[in-house]
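Each in structure tokens, the structures are laid out below.
Each of the two complexes below includes subunit A, the first together with subunit B, the second together with subunit C.
Right after this comes the complex of A and B.
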């Protein structure tokens, strides 16, 4: 389950950031991941997974790993 | 041609009912932008989140927009304003309404719009919302009282589309409250409808293919009973009929036998469109580019203002090789999607359908009757007499400002100096004591054509400078051109007691009729782009009674 979510997250991030994204990618090590793109990512994740994140969650979603964790929390 | 193939490939994503934001990020569309425009954005909340989508939809319409986005500014002071093709006010009033009541905010809004109007003659688009329909109406009233100001009512737009406009979570995250779903659809509305209706020449005709476009199947193979009208095709036909009732010509372009096509429209009661709905019918086995040229000629419009819809990409590309500025849409298997793509084609939607727009389709039919009448008379004066034409001249008629501006921007052939005035520029001329804006209405026994010509003039010392003459193609061909123009000019000469008339002239791609007309006047070239004629040499029109022409002024 976690792997499937992670794969989808990587796909979404690659599409929006238009660069190669891996499991360790984050805002810090990906130059195109600015605040404007960040909200674009949140919108795409909400559309894809049918979720609505709280502001607290959004603030934590700064890497593939933390995004995956927050999605899993919502799904469970 | 790669660009057109990309457009056809992505239109199902761009114009689907529910747009998938992530999928839009995957769309590849070259920025061809044949038409480059500058748009100033004055704002107090984020518009940058919409920019990728505004650009994508503009690229679909072959428009390249340079966005000049100002700093966040609640005071809207329009500092460092530069010339632009349009001004957008992108306002979130919620923060301002925490400090003042709505009425006071409305007065402030009106003052800001007036301030911008003084600084810019470009059309102004106010994009905002309120929390009540009644308040939206008050905002609209403020805009309608001003020249060239339009209200993009984002609240009503979202209500109509069952969308939540606001997402309060976003305030601190993005700098705007506009929700995810609303952002993309507002961007589409802005780039395909609201902005193009202000700054692009309008689409005047939709030319549609028949087989696999207006129905499923091939008439020549499946037969009249065999071609299928799906629900989607009914929606498409209804939508085309709506466009026609808003003054857009419909034309049919099909490779078929004419007898089959005629029988199809006669026998298929379930078709919403009738053959008579098409102002031009081109059914033959010849090239479609030739058929489209004939349509342009018949409708007296430029091929640039025709939107051609066909299910065959090869056919679309072949047509573009011959008519490179033609607008095209690929007809999808899902005809409801085709209807939506057409609806959103930049330049087709209008802010307001004027009475003159509505007269256009009937006027063309009347023209065919006029031609029939002309063939019965050997003598031109007798023919003119039989038309029972009436001309009516208005000076500085502010109520007609939309049509006057539209005529200045739409007329390509009889357009003497290609000034292309904005509404604000026309208003300034009407209010300037030395200037005159004459609008001329024409009717005859076959139709009321409404305003068919405008003349813009200004007096300098003892010279009457004719800054612009535009005449609609709808008025031409009745042998009245000289009478229409000279009656107005002679009236201005008498009014201002001018000794000379100077015509401003600019050569364009398609204004040969106007250039030929001025050449026949035999004036002298005073300087480049200016032709001087002594007032006494301007032809006098004295024989109106002989041709039964009634002329009046107000």
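Right after this comes the complex of A and C.
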């Protein structure tokens, strides 16, 4: 399940950021991952997974890994 | 210049800078992380008061405090300046937002609304230190297509550094503005939910 979510997250991020994204990608190592794109990513994830993230969660969602963790939390 | 414009968004507003904001301005402008790509500001309060008083007399310069509408906390600074009445264009900058705040998107929307819908400017630019990649990327992400490099434009820390100039016309703003506005509104709903949950 985690791998499927991670794959979907990478697909969404690659599309929005228009760059290659991998499992270790984050705001720190991806120059196009700015604060506007970050919020657009969050909303795209919400729409795709049918979830709603809290501000507390959004603050943590700054890498493929942390995004995947927060989606899994919402889905369980 | 002294002005009375208050630009209200959904969660944040821009209100005129006052002398009483001097400590907040220094808190942001003297923060080594936040001011990394800004011209150096002295931490001397009187010098900053003098600067604000000079600003009050400078035509075509609108300096704002970014404030949270719900809890009235100050979260940042922004300005629109060098307004050229004859050419109807200007520049925005002096932009600092507290890192824990989510005001950046709404703040950008509001300053463009002020420039194009209130002051009826035809073109606005923003010049960013080229090394400030997150902010350069932010302007790119807004959908601003007109972009050029200004070689050795800024003097930061005694060194000449390049700037990236993003320019936007009022006609282009009408095309890209709604997306930024909608993102700001959806984000503000989440911020409101955070307040409700407390």
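Following the convention adopted for this analysis, the second predicted complex is superposed on the first by the 76 of 76 C-alpha atoms of A that agree within 3 Å, B and C clash if a C-alpha of one lies under 4 Å from a C-alpha of the other, contacts with A are read in each partner's own complex, and residues count from 1 in each chain.
As a convention for this text, a contact is a pair of C-beta atoms (placed from the backbone, for glycine too) under 8 Å apart; a residue touches a chain by one contact, two chains touch by 3 or more.
Remember, predicted model here, so these are calculated numbers, not experimental data.
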First, second, both or neither for A:44, with subunit B first and subunit C second: first
Partner chain in contact with A:69 - subunit B first, subunit C second, else both or neither: neither
First, second, both or neither for A:15, with subunit B first and subunit C second: first
Touched partner set for A:5, first subunit B, second subunit C, both or neither: neither
Which superposed partner A:34 touches (first subunit B, second subunit C, both, neither): second
Which of subunit B and subunit C A:58 touches, first, second, both or neither: both
Overlapping contact positions on subunit A, where the subunit C interface meets the subunit B interface: 36, 39-40, 43, 54-55, 58
Complex contacts: residues of subunit A adjacent to subunit B: 12, 15-16, 36, 39-40, 42-44, 46-48, 54-55, 58
Sites on subunit A touched by subunit C in the complex: 31-37, 39-40, 43, 53-56, 58
Subunit A-touching residues of subunit B, taken from the complex the two chains share: 20-22, 25-26, 48-49, 169-170, 172-174, 180
Complex contacts: residues of subunit C adjacent to subunit A: 102, 104-105, 108, 133-135, 137-138, 140-142, 180, 183, 186-187, 190-191, 193-194, 197
